[in-house]
Every structure is written in C-alpha cells, then in structure tokens.
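Presented below is the structure to which this report refers.
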Amino acid sequence: MMSLVSYLIISLILFIVGLVVMIARKNIIAILLGIELILNAAALNFVAYSRYVTNNLDGHVFSLFIIVIAAAESAIGLAIVIRFFQIKETIHVDEATQLRN
Amino acid sequence: MEYTVGNIAPIFLSPVIAFVINAFFGRKLPRQGDWLATLSIFISFIFSARIFGDFVFGTFATDFFIHKTFTWFDLSHGANIWKVDMGIYIDNMAAIMLLMVSGVAFLIHLFSTWYMDHDEKHGRFFVFLPLFTSAMLGLVLSDNLFSLFIFWEIMGFCSYSLIGIYNKKEAAGDASLKAFMTTRVGDVFLLLGMVAIWMVIGSVAYVDIYAAIAEGKFAGQTVIGISLATFAGLCIFLGGMGKSAQFPLHVWLPDAMMGPTPGSALIHAATMVAAGVYLSLRMYPLMVLGDLTWFIAVIGAITAFGAATIALVQTDIKAVLAFSTISQLGYMMIGVGVGSYNAAFMHLITHAIFKACLFLSAGSVIHSVHEQEMPKLGGLRKYLPYTHFAMMCCTLAIAGIPFFSGFVSKDRILGDALYFGFIAGQNPLLAIVPILGFAGAGLTAFYMFRMMFLTFYGENRMGHHDSHGDEHAHGDHHHGHDIHHEHLDARSNVPLLILSVFTLGVWFAGSLTGQGIVKVFGEKTEWFKILVEAPKVERFVKHPREAFGSTDSRVKAELPKAKYDHQSGYAGPNPDDHKIHSAHVVGAWMSIVIAFLGVFIAFLMYIKKSIKPLASMFPGYTETLKNKYYFDNLYVDVIIKKGLLGLNRFLSWFDMGIFDRFAVDGWAAVNRVLFKASKWFDNVVVDAIGVDGTGVAVNLFNLVLRIVQSGKIQFYFIMLIVVLASYIWTVNI
Amino acid sequence: MNGILNWILWLPIIGMVGIILTPKAKENVIRMMTLVTTSITLILSILLYLKFDTSTADMQFVTKLPWISQFHINYFIGIDGITMLMTFLNALLFFICTLSSWTVTKNIKAYFALLLMLQSTVFGVFFSLDFFLFYVYWEVMLLPMFFLIGIWGGENREYAAIKFFLYTFFGSIFMLVGIIALYYASGKGVDSFNILAHQGGKFTELQVNVFGKSFSFEHLFFWFMFLGFAIKVPVFPFHTWLPHAHVQAPTAVSVILAGVLLKMGTYGFLRIAFPIFPQAAVEYSTIIAVLGLISVIYGAFCAMAQDDVKKLIAYSSVSHMGFVMLGLSAMTTQGMNGAVLQMFNHGTSTAMMFLLIGILYERSHHRWIVKPDGSKGYGGLSTKLPKYTTVFIIGMFASLGLPGLSGFISEALIFLGIYEKFTTITVIAVVGLLIGAAYLLWMFKRMFFGEVNPETEDYEDMNAREVFYMIPLCICVIVFGIFPSPLLNVMKASVGQLVDLLSKY
Amino acid sequence: MIDQLFGFLGYYIPEVICIVLMTTLLVAESSVKDEHAPRTKIHVYTQIVLGIVLISLFQNLGEKPLHIFHNAVTIDPFSTLMKIIMVVGTMGTVFLSHSSKDIYTNLKSEFSIMAVGVLIGGMLLASANNMLTFYLGLETLSILSYVMSSFKRDESTSTEAGMKYVLYGGLSAGVSLFGISHLYGVFGSIQFGEIARQVPGLEGINLAIVLVSSVLFFVGVGYKISVFPFHMWTPDVYQGAPIPVTSFFAIVPKMAGLATLVRVSFVFLSEGSPLTVSWVGLILVIAAMTMTVGNVTAIGQTSVKRMLAFSSIGHVGMMILGIVVMNESGVQAILFYGIVYMFMTLIAFYITSHLSDMYGTDSYDVFRGLVYKHPLMAIIMASVLFSLAGIPPFSGFVAKFNMFAVVIEKKHYGIAIVAAFNSVIALYYYMKLAKTMIFGQADGEEKVLGFTPLNQAVIIALFIPVLFLGVFWDSAMALAGNASLFIK
C-alpha cells in the first residue's frame, strides 16, 4: 500500500539523484538528464499531493505543464549542445571555461 | 594739561604715516623720503618731550599715570559680554621711555640720512626705520599686553626686514630668519602667558593685572601643575628673553649686524632689545608674585658674563658692540631680578643712549674707512676726531667710569646685586649673581677699551691690505679707500656729539658720581630715582577706566609732590636700609676699582704691548669663545637640521608614503588584491595542479579543485546547493 | 530684496549657459562673459553685505518654495552672519580667479563653464537651509571640481581628481544616511528636511539599533556628519587627499579649493553638526580638539619638509584649518568667532599664496624650492621681482599670523577660546605657530634671498592684471588685520546664538 | 463561460498584441528572401506595434485592479507599470539590435521575435497570480533567453554562454519547481491569494516545510534577477551574448523577476506571517552580499560589458532592499529605481555597443578620449555613469536616495551602511570609465560610425528622463506611489 510519504521519498531521491548527476557527470547530455530527473521529481510531487492531500486537479494540470515545458527546454538545450559540439568537438562540460574573470 | 587723542596719537601715528607714504611713493619722493621719515620721528619727539616735561617737571609725583581706553572690537551678544579694549597707559616710566626712544630714534634717522646716502637700499631702509620706531613707541604707549604683543611682533617683522635688507647675501637671509625665529620662540610663550592671564582675570591691561595681584586673584590658580603666576610670569619673561637676547636665546643678536649699522643702532639701543626689559619691568609684580626674580637674576648674570667673555675675542667692531649689548642687557635683567627696579630702568635708558652713540660712531668709522675688522684699523684718532670723542665718552660710560651714566646705573644694579647675593640671606648659590656681575663689569671695561685702542690708537694699519669692500655690512663699493679727514657735519657726527653729551651721569643722578647728594636739579634732585619705582599694586585696585577723549579724572593737584628722602627707591627684598646702603658703597668702590683694572690691562695689552694678547694666553678657550660657546652650531646644526628637519622629513614621508599609500589608497588596493587573488587562484593553482590523474585519491582531489574552479558550470551548481542548504538551515533555526 | 540671494545663486548658471552657447573660437568673449558674471556676483554680494542686518541671528533674504511635496523637500535658501562672510569670500575669490585664469589656453570654453558651475554650487552649499538641497549642492560641487582638476591639472591629475572625488563622496554618503535618519527621527513632518528646524538638540533621547547593538541616535549620527565634514576640512586622519588635489589642481582651482571649499567642512560643523547634535558635540569636543591639534602640528611639520612650494602651502592649510577646528571645539564666544574669522582670513591669505605661486609657476613652469637633483629651484627672486616680493611678504606674514595682518586676530581669539577648555592643548598648539613661521620664512629665504639664480634671470615682474587682482586681497588682509570689526559684527550674532545653544549642554 | 473569458481578454490586450506581433514577425521573417538584407521594415513594424502595446498599457494604468482567467492573472497598476518598463526596455534594445553589428544580419528579426517572446514571458510573470502562471512565465522567459544568449552561433563563447544558461536555468527552475510542489502540498492550492490567506495560520511541520520550500522556490526568481549566490551565470552569459542581448537581459528579465519577487514576498509576508523574520533576514543578507559581490568584482573588469554586468548585479542588490521593508513606499522605491535604472542601462549599453562595433572590442581603451571625438556623447555617458553611481543632480541619486529612505525608515541602519560603502566602491569603477573618456587622450580623431544623428537623437531622448527625474521627481514618485499591488 503506497502512502504519500513513500511518494515524497521517491521524489526526494529522484531530486537528489538529479542533483548528483548534474554535479558529478561531465557529459552535458547527462547533465540535461539530471535536469529532467529534478523536474520529474517535482511533477511526481504534484501528482501525489493532488491525489492524497488537496483532491483538486491543480496538481495534475501542473504536472502536465511541467512535462510539456521540460520537453521544450530540453529541446532548446540539446540544440545549444549540438552547436557547442560542432564548435568544440566535445561535450565535456569542463571544456566550457572560456568565460571567466 | 589734557591728554587727548590729538596730542598722544601723533607720537605713534606720524611715523606710521611716514612708513605708509614711503612704502608706496618712496621712490617718487626726493631722496626717497628719508627726510619725511626723519621729520615724522621729530614730530613724535616733540609730542613725547611735551609729555615728558609734564610728567617730570610739571607733575612731580610718583603715582601719576594716564590710562585711557577704547574698544577695539566687541563680540558681546545678549548677556555674554566679551570685548577687546585697547588704550594708552603713560606713567613716569613710559614718559621717560617715550622721550628716550623718540629722541634716540630721531638722531639715528638723522645719521642714517647721511650714512645710507647712495646706498642701493636707501629707500627700503627708510620704509622700515619709521615703522620700527612707531612700533616701539606704540609698545611703550600701550596699556595692555595684547597691544604690546602686537607692536612687539611688528618690531620683530621690522628687524627681520632690516637685518635682511641686503637680500643678495645668503648670510643676510640666514641672519634675518634666525633673528625672527629666535625671537618668535619667546613670542609664542609671551602669547601663551598673555592668554593665561587674560582667561583668568578677564583682562590683560597692566592696571587690571596689578589690581588682580593686589586682590589675590592669582591665588590657587594653576596651569598644567604650576601656579598661574609662575607659569604666566615665566612665559612672559621668556618672551622678554627672546627680544632682549638673554641666554639661551641670545644667538640672533650678533647676526643682527648684517643690516646697516644705523639699523643695528636702532635695534640694539632704543627699540627692540629694550622692549624685553621694559616688559619685564612692567610685569615686575607678577615676577615677584611668581617667585621668578632669582631666576631672572641668574639668567641675567649668565648673559652678562658670558657675552662679555665672547666680546673679548671679537675682531669685528660691530661684533664687539653686539656682544656688549647682550652683556649690558644681562645687567638690566640682573637689575630686574635683584629688585633694583629703578636702576634697571635707568640702565636701560643710559645704555640706550650710549649704545646708540657707539653704534653710530662705529658706523661713521666704517663709512669713512670701509673697514670694520679692528686688526686692520688703528690710529684713526687724528682722522676722525669727533667720532673719536663721542665714542670715547660712550666707552667710558659703558665701562662704568665715574661721572658717566653707565657708572651710575650699573653701579646701583651691582650694589643691589651685592646685597641680593650676600646679605639678603637667600640661597647662597645666588652669590654667583654679583660675582658674575662684577667680573663682567671688569671684562666690559677691558674689551671696550681694547676696541677703542685697536681702532683709534696705535699706528694706522689701513695701508697694509687691499680693499675688503665686499665684507662691508652695507656693501657700497663706490667710495675710494683714502681716509678723508672728518669735519663737523649736521648729519654725520653732530648726532654722535649730542648723544655723547647725555652719557654724563649727572643727567640721571642727583650727583656727578651717583652717590651722595649734590643738588644739580634743585628740588628735583634724584628725579629719576624718585619718579621711577616698582608699581605698588594696591594702588591700582578699582581705579576708574577712562574712555578716550574724556578729561583726566585724576586731578594732579591732589597728588603729593614726590620728595627725595635718602632711603627711598631701594626696593630690596627687605628694606633693611643700613645694609643696603653699605652694600652700595662697597659695590661702588668695587666697581670703580674693577673698571679701572680692566682699562689698565687693556692699556698694557694694546698700547704698551707689555702683555701678550689674550688669544695667545689660552688658545683653547679662545677657540671656544670665537665660536660663541658653540651655541649656533648646537641650535642650527644639531637641533634644527638634525632633529627638527629629520622629524619633518620622516613625517611627510610617512604621510604620503605610508599613511596615504596604505591606509587610504589601501581600500582600493584591497579590492584589487582580492580580485587578483581569486583570478590567480583560478588560473595558476587550479589549472596547474588540477591536471587529471588516475587513482581515486587523485580523482577526489581533482573533483575538489574542479569544484572550486570558477568558469565551470558545475561549481556554480555546487555553490547554489551549498548556499541553499545554508539558507534552509538558517531559516529553520 | 530676497531676490538678491537667488540672483547670486543662479547668475553663474546663467553665465555658464551663455558660455556653452558661445562658439568655441571666441575665446575672449568667453573670458569677458565669465568676468562680467563673476563681477556682477561680487557687486551683488557687496550689496548683500550692505543690506545685511547685523543685529539679528535669524536667517535673512529667505526664499522658500516647495520642491518635492512627498518628502516635504523645499527650495529653501537664506543666509546668516556666518554665510554672509562666506558668500562675500566666495564671490571675491571667483572674481579674482577669473582674472588669474586669463592665461588658461586649454579648452577655455569648458574651463570657464565649469568654473561658473562650481561657483554656483558653492553658493548653493552655503545658502541651502534645506537638507536635501544642501546635500545635492554638496555633491554636485564635486563634479566640476573633478573635471577641473582632472583636465587642467598637473602631471598626476587623474589620480588626484579621483582621490578627491572618492574621498569626499565617501564622507558625504554617510552624511546622506544621517540626513535621512534625521528625516525620520523628526517624524516626516513638514520641517523634516529643514536644517533650522532640527537645530537645538531635539534628538538627545533617541536610541537606535545598528548590527544588534543599541546606540544613542545623537552620538551615532554626530559621527556620521562628522565624517562628512571632517574629510572636507580636512582634519588629521582624513587630510591626505588635500596635498594631491592642491598640487595637481590648476592655480584658480587650488585657490577655490583652499579658499572656499575647505571652509564648507567647518561651515558644516557650524550649521549642522554642532547645532543639531549639541550634546554629542560638547561631549566629543575633546576629540575634535585633539584632532585639530594634531592637524595643526602634523600639518606644520609636514609642510616644513616639502620641497614643492604648492605642497608646502597645501600642508600649511591643513595646519591652519586645524586652528579652525580648535576654535570650534572651544565652543566659547571668542573661540567660535575666532574660528569663523579664521575661516575668512585663511581664505584670503591662502588664496594669496596660491595665486602668487601660480604667477611664479607661469614664469618658471616648476614649483621646486629645491629641485629633486638638489639644485636651487629659485633664489634671489627679491632682486628680480620687487612687486612680487612685496605682495608675497604680505601674504606670507598674513598667513603666519603677524599682528597687524588678518591671520593674527583670528588665531589669538582661537587661543583665547581654547585656553578656557583645553589648557594643555593650548600649550602644545603654540608650537604650531612657531613651526608655522619657520616653514614659511625658510621657504621665503630659500626662494627670495641670495644671488639671483640664472634660471630666474628672465622672469618679468607681476604685470598690471596680476597686480590688479592681488590688490583686493592685500586690502582684505591688511584692513581686516587692523580693523576686524566689519567682519566680527556681521557674524557675532549668529555665532553667539550657537555658543549660547552649546553652553546649555 | 466563454464570453466571460473573452470579456477578460479585454484587459489582456497588451499581451495579446504581443503574441500577435510575435507570430506575425515569424511570418514576416520567413518571407524575407535575401539573407543579408537589413530588416529595417520588420524593426519599424516591431517598434510601432510595441508602441501600441505601450499605449494600451498606459490605458490600463488607470483601471482598477482585478483578477482574470480564474484568478490566474492579476492586472494591477504595479504589474502594468512593470510591464511598461519592460516594453520600453524591449523597444530600446530592439532599436539597438538594428544598428548593432554584434548580431548577424540574418538574425536581426530573430532578435525581435525572441525579444517579444521574452517580453510576453515577462508580462506573464509580472502579473502572475498563481504558481502555474508564475512557472509558465518563468519558463517562457528562460527558454527564449537561452536562445538569445547563444545568438552568436559561430562563436564558442556565445554558445558556451547559452549552454551554461540552459543548465543553470534548468537546475534552478527544477529546484524552484520542487519547492513549489511542496508549497502546493501544504496549502492545497496554487493561488497566491489562497496561500496569502493561509500563511498567517501556519505552524508545526507545515511551517517547517513552507520555510524550506519557499527558499527553494526563491531560487527560481533569484537566478532570474541574478542575486547572490545565483548570479554566477550572469557575467559569463552577459559576456558571451551579443551586446543588444546583454542590455536586454539587464533590463527585461530582471524587471520581470523583480516584479514577481515583490508579489511573492507580499504573498508570503502578509502581516502576521511567521515567515517574515527569516525571510527579511534572508533578503537583507542576499541584498548585502549581492551588492558587495557585484561591485567588488566589477572593479577588476577590463571589459566594459562585463563591468556593466557586474554593476547591474550591484543595482539589483540595491533594488531588492525595497522588498525588506514590505510596504507601499518600498514598492514605490523599487519602481522608481526600475524606471531610472532602465534608462541609464539603455544609454550605457547603447554607447558601449556603438564603440565596440567601431573597434571590435569593448575594453576601456575604446572609450579613451571620447570627449574629443563626440563631446556630447561623452558627457552623456559620463553623466549616466555618475547617475549610476548615485551622484546628484541625476536621477540615479534620487533612486538611491529613496532606497536609503525606505531602508532607514525601517531602521535597518546596518544595511544602509553597507549600501553606503557599496556606492563608494561603485563610484570608483564608474569614475575609472569616466576618467578614461574625459581625461584620456584619443589615439585617432576618427568619428565613431555608430553615432548617426538618429542614434544620437535617441540617446539624448533617453537621457532627458535621466536628468529630468533627478530634479523634478515628484510626479514620477507619485506615479510609482499609486502603482499598488493587488493580491487577494
């Protein structure tokens, strides 16, 4: 029997995994994936809350929007990464250090 | 007789007007306006003589004085009254002083018109000379320390200008600077003392100070630990020391002869140096109250003797006179110190007259032979008879030979000193005062006659050398070097003769010798001794203050005519008349003997040549004397050059180099440094060390460094999360 | 009647606009316009003096117009005795500076425009009775100074300009905080920006909380104001911008800087810091006195070591302003009056010195008494330049406080003032007088005495223009030295009011 | 129901026009044949339409505040004024983009499209009245910004900037969304009004959750207005992006973010809110740090663009001071600051842009001796710099004055002192630039091509308010004062 808490725990795990991925991985694609994980954690929260706590549709609506926007965002992100790859022939994040003091 | 603005102001104002006119239009006037200056002084002489006559021959009363005031400026607002009064205060002393100053100054002016003729600085000289005189007259007239200080400083400025008048010479510049600064040291103390008195008793008018002393307002007042009377008295006396060239502030006076000789005459005789003594006399009650008299006496004694010793080895005729001035001023200070008020003042007057005469004579010698080094002179007696006569009279006077003024005054001082040192039964150490005093008297007689002999007697040594025109104080080279015979001339040597007349003691003392009674002036016998006495402070309590223009409320008729009784005038620490009298008698004989001894030795040494000159006797000591006891070196080389300038250099270096650089610009620097540091850390440390390596440890190390490295997106993440965590932590507590 | 003040305040701006509109090429037209403007201002200020009512301490020639209704900020100007003197001084010095700037060649249009702007802003500072207006003028004044120093200055001008600007701004930003704090402390009422309304120690009780610690409002914000004004004076630890600014600035600007701008600092104490926070002022008067004393001695010592004439005079004005601070700290009738008088006298005498140095600089193009290589920079000037020497002597002795010249009376009054409160400080401060004479006379000796330096052979003496603009200052220095009442009578009422106020605490 | 929606649409005209404009622009762009033809017509068109938007916004200014679209959106004077600032900023940057060489010709109209898109996002954000609208607005704003920042496709720096922006934006958006989700869980609603009503009653675990998640939520806004510590992307992105984009970023997203931050703060800090203490403390710390970091870092910069970027961070730090006081006057101060800041930033970037177009770099040296080539421009630039530093009589001083006023009114003397120090530091680096322009000697006498009469006219036109608001700011203050918030 799943309760709210377990959902929250899962989402929290997702969130933290996402953060760790974003920090530890050097591959930009992977970092984008990390973002997705975080967003999904949030989406999961919304759905769970609206299922167990609030009993209104706001949560569902919100998560739908999240999915859509996440798609758009990753699309843009990937496009930029491709530009980056075309110029630098790498997607190693540490190569992106031209801009600094 | 009325004392109004109309008949007092001219004394002070006419020279001022002369100064203003000469300063602006001097070049356009015929003879560059020297006649104007002389005339102006003559006017003030006339008015002074009028006052003198009224005081000395009219009202013949000890406690007669004129005191009139007007408000200079007024800061009062509402209930808060605060104003500065100026005014005139004339008593017997001031009256005599006025006559002396204006008279001597007039003769000096007259002489200068001849002396400074064809001198390039003729015009400038006659700009400052009247201002100088007017300042001194104003100082004598002024009724309070504040205006006294003003004129005091103006005199300082005038002396600065006169000494440095030959501005082409570096030495002139140094001398003027030295003169001004040395006196300034005293001046600031005088200012301080004046402020102290002003702020405690609310005024610095003499009468108020006397009244305050009488009422005991000074009692219990202290300044930085010392009693107010002592503090103020000391400060004021320091001022006097500066102006009157007392040890250790005497160094400026010898250099003051850089200026033209008449200028020196004015400075040394009538005006500047007299001011210090005059001040000390005016503030005498304060000195007594502050228990400073012994100090004054000691300083005076040291000065009198020390200067005399230095004078022994001087070869420059003016230098000898300069040191003799210092020495004589020392005697005056002894007079103040030992409480022989009357004699001290008399010595001031007599000295003023004969010293003026001496300088003018020296001037006429220099002007006619263009030489002031005594070894190069000699035998001038036959060329300059009148000068010789005048100078001889004065020399006799200063040497303290009977029948001459110097004897009268100096002998009285020494007499009191003798009493003060031995009989008055204070601290036995104070015996040095009379000892040094008498020794100095002997030396004085010696070196003065040495000067006379070297200059006017023996064979003429002029021929033996070529011109030393460039050494002349007044540097005019256009005269030939042939010595032309002097003949009587209203401007060149008549002033000397006039002055030399007044070197006779009989004018000042009731008798020729100054002892005993011979009724020269009939009832007015011993007028000087009677009329001049230390102010009796009780007399000044609550005396009416008179506005200018108002008639004099003190009706002279009521004043008791002063009588001469044998005992009066000796204001010793205790009026133990018998002892005092005997001390005077002893002193008189001693000084006569000593004086003649000095003259005799000089005679043997320089006429008979039977004794070798001093220099050959004690060469080492002579060296010391030639260097004036190394005081100049001490002040200039050690204290100023090494100490003061060193400190200043350090401070200014500190100010710009350290304080400004680090404390002020530091702020900007700090930011820049921070910025640089982080940049350096990124570029050097991280990129250099953060090379990828294998192995877990290395990787971890890399990770850490990578995290820190800016410009890397993941460091931003880390930062974000870290800070987020810290925020959350903070908001939850 | 009240119009005069507005005219004095805005006339320079009108002149500035006129200059901006005139084409660059017409240099003499521009010069004449400036001269006309400044001379009219001078005439008006003299008129103001004649119309001035010396009996009262109240503000006169007041104009009050609403400006920012929400904050009750007004265009509120007026003068009392203290500012009357400053007004006259300002008008006079700018008139003279216009003449002395006749020889400026670089970009005249901008130069004179900025000069006039500066004059107007300085007037503004002295006239403002509204805090906001005061602050605006206080800050705006920095802009023309910044450019005047930075463009027409010496070799190291940029550094000097930036330093001057930053330093003053640093002080004044704290002043701004203080001003706003006062606005709220006085309850945002109609008079919350009215300087006069704040006066009289209304804030002695308030407490404020900064970084969790509780302070007395009065004492805290006294220091805020102090910082603003002390930097301007400048008092000892904040003085280091002055030598740079003075040495680098062109002659006219140095004259204004020393003559008027420094006075704004002390004026701030007189008008704002002391009357608004009397309790703190009295309580901290010892500190102020000590700082003033240090400025006097330290400035004098530093001045003595300088080989650059202008730097020497710059340090001397640190020393002299130290005397002003001493007089202020005394808070007695004679001390305060002496301080204000010293503000005026220092304005005239130092202006003379800087003008004279400028005149000399135009001939020699250096300012070394002793060149860095040890050779004499000048020497024997008195033989070559008699007129110049005469004026120099007057200026020099005025600023070393020779009786009979203006400097003396103010310094004497200041001494009389502080003796009552700080005897020991007085005793030490006389050293300042001594050194003050020493460095000036030493400089004079090194520059003017001795054989004529071959370099100075071809210098010509002061020309008619230079003589002409030195004359008014000489007159001021001599006349007010002998007869100070015209100045003292004007200010004594206003100063007296302040003294009475302070004597209550 | 439907007709009601259309009724609401009446209040939503500006946004609608913008959307129409964006779409039409897309069509227009696609219709352009020649790659390298200047897009003058398109730009003119954009300007005109934006002008219409401006007018309609001004009409809205008078309207009484209300909620539309089921309380999804608020139209209140505050948001309207913010929108006005944003629209003017957009117009300015679009105009700049036309003459700027920093943007490839074939992307000129792309720029307008993106700009308008971001503007829409900004408007949405400014008047967002629930979490969803907030999120939508934020993302609309961000996603298009990512593209804009990587506008210089062929340059690695620009792309890198874009990439960093994406990643950072993604992360912070995610984090903030995570926070929002929990807020939703606690309050059971995403309506600001609802939340505001419940906030005072919070206690226990809920309060703890809300505290945490509100901070998480703050990240989303914080990174948009680039306050410390979410500012790090800012210099990189500003440097990498073309100048018109940078100036755009310096104005529109910041204003939008600021608007929503103000609104959100009012939501969570309605009186009696248990969050107030921690929240205000947070903002104070953030403000202080932001100012200091921004200004201190700006000192060391050699690129003017980067310097302006950092200085803009400093200014944001200044602006959010208006939030801590949580009252009308605070909002008023922010609005006034925003208006002034917008004008000053535009001018600064205009002149920088023209100079860097001329010399191919934006280092300080290109400003050297500008006063001898273009006295007027140099003087205006200097004035703007002094205005940015907050020297009277320029409006920057008044803005700073108001900010100080509101802070000191609440007795936050500490932060006032910090701000004071900061403005001194700021003055330092602004003055360095002014010095270079005016004291420095120009190498050549050549004129700057960018300063065409038109451009100069525009710059002067923009400068007038900078000067005018510095002296007569009564009316502007009143305008900002009336722009009140409307939440419930």
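Labels for the chains are A, B, C and D, by order of writing; each one numbers its residues from 1.
Basically, contacts are C-beta pairs under 8 Å (C-beta built on N, C-alpha and C of every residue); 3 or more make two chains touch, one makes a residue touch a chain.
Quick caveat: nothing in here was measured; it's all calculated off a predicted structure.
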>> C-D versus A-D: which interface comes out with more C-beta contact pairs?
In response: A-D
>> So the centre of each chain is just the mean of its C-alpha atoms; given that, what is the distance between chain C and chain D in Å?
In response: 44
> What is the distance, in whole Å, between the centres of chain A and chain D, each centre taken as the mean of its C-alpha atoms?
Replying inline: 26
> So how far apart, in whole Å, are chain A and chain C when each is placed at the average of its C-alpha atoms?
Replying inline: 66
> Between chain A and chain B, what is the separation of their C-alpha centroids in Å?
Replying inline: 95
> Residues of chain C that touch two or more other chains: which are they?
Replying inline: 166
> Residues of chain A that touch two or more other chains: which are they?
Replying inline: 19, 22, 31, 96, 98-101
>> By the touch rule stated above, which residues of chain B touch at least two different other chains?
In response: 668, 675, 679, 710-711, 713, 717
> Pairwise, which chains touch?
Replying inline: A-B, A-D, B-C, B-D, C-D
>> Quick check on the complex: what are the chain D residues that touch chain A?
In response: 131-132, 135-136, 139, 142-143, 146-147, 150, 153-157, 159-164, 166-167, 169-171, 173-175, 177-178, 180-182, 184-185, 188-190, 235-237, 239-240, 297, 300-301
> Can you list the chain B residues touching chain A in their complex?
Replying inline: 675, 678-679, 682, 706, 709-714, 717-718, 721
>> Please output the residues of chain C touching chain D within their complex, sorted ascending.
In response: 67-71, 135-136, 139-140, 142-143, 146-147, 150-151, 157-158, 161-162, 165-166, 169-170, 173-174, 176-177, 180-181, 183-184, 208-211, 220
> Can you name the residues of chain D that touch chain B in the complex?
Replying inline: 163-164, 167-168, 171-172, 175, 208, 211-212, 215-216, 219, 229-230, 232-233, 236, 278-279, 281-282, 296-297, 299-300, 425, 428
> What does chain C use to touch chain B in their complex?
Replying inline: 57, 163, 166-167, 237, 240-241, 243, 298, 301-302, 304-306, 315, 333-334, 337, 380, 382-383, 397, 402-404, 408, 412, 415-416, 419-420, 423-424, 426-427, 430-431, 433-434, 437-438, 441-442, 445, 448-452, 484-485, 488-489, 492-493, 495-497, 499-500
